[in-house]
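Take a look at these structures.
What follows is a pair of complexes built around chain A, which joins chain B in one and chain C in the other.
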Partner chain A sequence: MSAPVSETATAALHEPDAPVEQPRGGRTPWWANQRIGLLILVVALGALFGILRPAFFNQQLVVFPLLRDIAMFTVVGLAQMCVLSIGHMNLAVGRMAAFSMMITGISYDLWHFSLYAGLLVGLIAGTAIGALAGWVIARTGVNSFVVTLALDFLLLGLIPLVYTGLTDNAAFVTKPEGMREMRNYSLADICIGNVCGSPAVPQLALFAVIAMVVVGWIYSRTKLGRELLMTGTSVKAAELSGIPTARRVITAHAMSGCLAALAGFMLAVSTGSIKATIGEEFMLPSFLGPILGGTLLAGGFISVWGTMLGTALTSVIRKGLDLLGVGLESLNIYLGLILLVALSTDRVRTVLSDRQGVRER
Partner chain B sequence: MTLFEAFEVDKLFPGVRALDGVTLKLEAGSVHALLGENGAGKSTLIKVITGLYKPDGGRLLLDGQEVHFGSPHESASAGIGVVHQERNLIPGFTVGENILLQKLPTSRGLVDRGRVRSEAARWLAELDLDIDPDLPVTELSVAQAQLVEIAKALSVESRVLLLDEPTASITPNEAERLFRVVEKLKNDGRSVLFVSHKLEEVFQICDTVTVLRDGSSVLESGALADLTRDQVVDLMVGRVHEALTLPPRTVGDAAPLLELSGVGTASGHAEVDLTVRPGEIVGLYGLVGAGRSELAKALLGLDRITAGEVRVRGQAVRIRNVRDALKNHKIGYVTENRKEEGVFLEQSVARNIAVTVWDRLLKRLGRIPGLSYVPKKTESELVAGYVEQLGIRIASPEQLAGTLSGGNQQKVSLAKWLAAKTEILIIDEPTVGIDVRTKDAFHTLIWDLAANGLAILLITSDLPEMITLADRVVVMRDHRVRGEVTNTHDYDTMSQQVIRLIHAGTTAAA
Partner chain C sequence: MKATLRFARTTEMTLLVIGVVFFVFLVIASHGDLLEANSLRVLLQFLAVPVLIGLAQMVVLAVGQLNLAVGAVGGFAACAMGVLMADHGVPVPLALLIGFLLASVAGLLNGLLVVLTRINGFIVTLATMTVLLGVQYRLVGTRTVDAYPQGLKSFGSYAVFGVLPLIFLVALVVAGLLAVMLRRTVPGRQLLASGGNPIAARLSGISNDRSVIIAHTLSGAILGVAAILTVASSPGVNKSIGGDWLLPSFAAPIIGGALLTGGSAVVLGTVLAAFIVRFVDTARAEFSLEPSWVNFVVGTVVLGSVVLGQVRTRRQERRTVVKAPDAAVAGGVS
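What follows is the complex of A and B.
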């Protein structure tokens, strides 16, 4: 007995001959699933580039750095996805990474922290700066676009100032033990008995896997994740259902800051230096992955897999065109065109499936 | 003369035949009603006519010529105007710009403001509306916005006008105004399709009627003059509709669960006294704008209480927000604004129902403190229980709530408060836009909740509903309680008493 409703009410509510509701939303045809479309596209493009340039499959020179890129930008994408889930944006995603790495750099340089202790400090700094953005948004009610844009400018000025005060070349020179190794380690360096992993898969990618598992678990299984999505769908309805929406806004931005810090760390490790310009190229790709992957800009729906696949698609295109000898300017033109086509075929699919009366998700 | 005809139209959705050979004829100079219960296919038919859906069979004929509409734009240019249930005005624009949006008059590529004003004024005059075309639409009342939408629909020179539930959110007086406009359109030789759940209105303004049931037309172009209300209801529900009889229910003299004394709020309430005992349904009646929903929201901490005292279970309380009301006081609020505040349209039915109880379902992950998750199985069992109990018709609990009919959405909106095991339930306009049979089911349900000891504060503008359900009726006007009547459940005497209370003192106040 889940509520005090008697037999009579139950009977009255069950009309055997009541009109059948259009059973929509539950049954989406497979071709309307964005993730499967993306997966096919990534595999097909990978195969195409491999046929045109067999060097595309070179493990050390191409696949390894490609996977390292995908891993890092997936984390960047997840950082943006967290705020998109509540219908917000984080324009300071790159600068939050830079800020966190600045703190990490200070911890290595001045306090002689170990590699992982420095990472932890960075994650805490990222979480804090994200939470601050969220707090300002929740308190003032100003649009997240404006608040994070302002924060971005603030950090843009602050970070180089700190660097010039503390370092000689706008980069921290102290490298903790293990940082250089982490850059080049692949799964081949992890062996269980005689079986070793593939040399094509960088160990750095493990950070992305961990981030995906944790974020995926939060959104699919926990109360927090559900409350974030409900807030993203309708703040009013969420408030009237007893969800602490202001706190959820802060949480989403804190998660975003934390993931931005992780991405910043991955970039610092793979380039081998902690400098003020970390994260400069994060902002636009941070939107590409989630949106290609089906995360709604308006909030309320996310896809961790989609974010990874969307990121993979852009990275594969970039790398493939690069190998085909396309110059940087033309590369961006092609990239833009391919993304436009990808997004519009997706839109066509949505419209087609809506025409059939099914609802994409 | 037949202006427009949908002839034997079929529309298939995966697994369901939403329209099955439906024929609808719209005559010039006539108002035609389209009736049917939620899910009968009314909205689907309108979407087919306006080109939003492509029919899977049958033909659409305009002036006897077969037409194919690929989009709402095409149907609009062919002269079919539609006013949807949802508001479709653009907030930042003026009345004039909104009316002429589909073809803004321009000169050398720029919007010609003078012509916008004069042409919009012409359409407003055509409808005898005294609204300034330069007014931003945000300053319009709901009813005015509705009329402006009609002007907008007419501005494309439409001869066929589809009105989907135009009176769902306006007061009776405003509805009268709308009907005069419909009458005028009819006399001008246009054809109007009127979709409504309010049969009184249908009989008042419509000439002919088509009734849909389960996707087929069970009555095609019947003359309303030859039909009675009961006959129409029987056609809609497909069986003889019996008047609702509720089992007897007595309210004990237990101490009140909810008590308000001398409450004033920031939105202007003053000296509001109110008590609700366990097992009692107290009706809060008044016209739109009397401050009833605002009072409910103040009780939930969404507005500031500036004076007086609120007592829950005898204890004076200060409720900070809905979460506080729910967790600490077991108070629930079923909002009147179902689509925006009651239901998460873009989320699954399961999440919509479980949203209030995740706290209770949480399971610890291992032995790590603070790390817990919502077990899927327990959640879906709980949801399935309420889906079953309330008879929510869904294909799967993962179905998006936005794809349900209004009645089923309302059940979902209520289910989350039942799931949360609230003891005090404030129910605001529970049956707006809901068909006859589902309405009866709701009334039985609310009655039953009270019989099982819930204290219910029922806010409704539907007088028959109030007289069916309430034990006492508290009448509110201008944010003050104007009096209280013990319900005799006799419609005639009760309606007189209540209406007298509403009007008492208005002349003095004016």
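What follows is the complex of A and C.
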């Protein structure tokens, strides 16, 4: 197969001779299943780091913040996964989080909302800004990359202006009741009868679980999810089958905005402040999780579990290297290399399993 | 072909008109201060690097790829040069040459990785960006390297007739060379052919893989020049060099009319767009507004220009094709 030059054109070239979707399920040999490989890798690395540095299993100082990070970045990954499912991208994922947290901050500061009411307002704002991006894309047919990039620019300008206009120190200082507690509460604080949860699992992780269940349910059980994936596989075919593709584009981006808002909220709670820089570091992890987990960039295939495992892998590596004393500066080098190696081996695996499949046929 | 030519011409014409009107407006708003040699020099001085990073992105867009590592490659090369000169006492020309080569090799690596692994260029450059950011941080840490020879700094601030900064002329020369290369030479034409229609290019005996590698290498080389100019014109290099290059690198070609799907060479458009973005920044300084306004305005302009461009092409298509399939809605980026 020739160059990966223009994706649309090559996709058109591929379509006739590869009508079967990527052989991820059923016939695929187990060693070619990306998620099992990821799970083994996460567990093995966790064990390795634990042996090298027993402090890795310290519940309060390591496991608790690690799980909190994994939970937050899983939601970030899910936000990106929703748009990847239709073959789009959302480069403004971090800035959408910042935007919705700005609205949440305003609701706490000026309107004195309660914690969850503010969260709701933020989610609505995120959904709205995502839907706006989707609407522009669907309406004009401009590439999602450009639209979200421009939106990112726009919000990057707008958000600091609002913050400097409304606050003194570029952060909303009003903290609603319960925000500080939520930061430190773990499952140990939830008891049913005498049985309490583990102190290592933060309560914030529940948000990620809810998000995973809802997104997983949408994609695996509902007509909407099927239609989104169909749109991702082939817009033309989806359109001809009577799927309102333009509306599905808007839906996917709105979902992405909503999840980005949730991730922003989780970050705001765990850092304890609502400021303009929320979500700045979301871009890279938002792609890392889904792509390591097997979600296709071209659209049409997603994996909620994979997104979680991919995020877990990067977070475990980050934390482990940190404990081993690898400096902050080198972390990025390793993360980038791991991403490249992981994707290359995945590529090799897919090619091998394809070849085997052909032979069996 | 004729229609696209005319279209390209109008995009650049529009940009030129907007630029001139904007400039006249700025001159009037500043009561003519902007026409003084010093203000003009400053205006052009800070234009050299944006022009180059826009061109670095334009080259890869022309072949239907994209390069997220523009800032990382440039920052890494700039820091490498600074460290070589300041810490290891490498003579200036040699250090600059090494930095330039490092950037080119980084671009070459991007291209090779895309071609060999068949991974999406977006992901490959995302990964190399991460790696290079780490290397850059490792090179300079939290310090600012500024102990390099004074000669280089005076090269960076020298201006012909006190108006035309040398580094701006260098950027223009690079733009001119790139334009000639894309228009007149065989590799340039092949590059555009691969970007415009890879299947047709392959059937005509063009190696798309080679085009991709050439485009990424060129992008790296242009970033190498940008890094040299950055080292020469800024008081020192640190880890934040290149950190804010990514968005402008896309803004200039996209405003300039480049197609994300590849096949378009808009050197002039990219340069003009860089001018306009610079004018926005000048206007911001003139009216002493917050720096955030620049991003806000540029974001709006980018969005507006792509929407307008799309509307225009759609209208053209509707005239020729009865019903165009909505393939554009999918809009996956390679």
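Operating definition for what follows: the second predicted complex is superposed on the first by the 331 of 361 C-alpha atoms of A that agree within 3 Å, B and C clash if a C-alpha of one lies under 4 Å from a C-alpha of the other, contacts with A are read in each partner's own complex, and residues count from 1 in each chain.
Criterion: a contact is a pair of C-beta atoms (placed from the backbone, for glycine too) under 8 Å apart; a residue touches a chain by one contact, two chains touch by 3 or more.
Computed from a predicted model, the values in this text were never measured in an experiment.
Enquirer: Per the overlay, which chain contacts more chain A residues, chain B or chain C?
Expert: Partner touching more chain A residues in the overlay: C.
Enquirer: A:A125 contacts which: chain B (first), chain C (second), both, neither?
Expert: Neither partner.
Enquirer: Does the superposition put A:A260 against chain B (first), chain C (second), both, or neither?
Expert: Neither partner.
Enquirer: Is A:I250 touching anything from chain B or chain C once the two structures are fitted on A? First, second, both or neither.
Expert: A:I250 contacts neither chain B nor chain C.
Enquirer: In the overlay, answer first, second, both or neither for which of chain B and chain C A:M230 touches.
Expert: Touch partner of A:M230: chain B, not chain C.
Enquirer: Is A:G300 touching anything from chain B or chain C once the two structures are fitted on A? First, second, both or neither.
Expert: It touches chain B, and chain C stays clear.
Enquirer: In the superposed arrangement, does A:S241 touch chain B (first), chain C (second), both or neither?
Expert: The first partner, chain B, only.
Enquirer: So which bits of chain A does chain B touch that chain C touches too?
Expert: Of chain A, residues 2-6, 8-10, 12-13, 236, 239 contact chain B in one complex and chain C in the other.
Enquirer: Using the touch definition from the top, list the residues of chain C that touch chain A in their complex.
Expert: The contact residues of chain C facing chain A are 63-66, 113-115, 117-124, 126-135, 137-138, 141, 194-195, 197-199, 201-202, 208-209, 211-212, 247, 250-251, 254, 260-263, 290, 292-300, 302-303, 306-307, 310-311, 314, 325-334.
Enquirer: Show which residues of chain B lie in contact with chain A when the two form their complex.
Expert: My answer: residues 13-16, 18, 36-41, 44, 53-54, 213-215, 238-239, 247, 300, 302, 321-323, 325-327, 333, 335, 337, 340-348, 351, 355-356, 358-359, 362, 372-374, 376, 382, 385-386, 389-391, 393-396, 398-400, 403-405, 408, 411, 416, 418-421, 437, 440-441, 444-445, 447-449, 451-454.
Enquirer: For chain A, which residues count as touching chain B in their complex?
Expert: Residue positions touching the partner: 2-6, 8-10, 12-15, 17-27, 217, 221-223, 226-227, 229-230, 233-234, 236-244, 296, 300-301, 355-359, 361.
Enquirer: For chain A, which residues count as touching chain C in their complex?
Expert: 1-13, 86-89, 136-138, 140-147, 149-161, 164, 231-232, 235-236, 239, 245-246, 249, 284, 287, 291, 297-299, 327-337, 339-340, 343-344, 347
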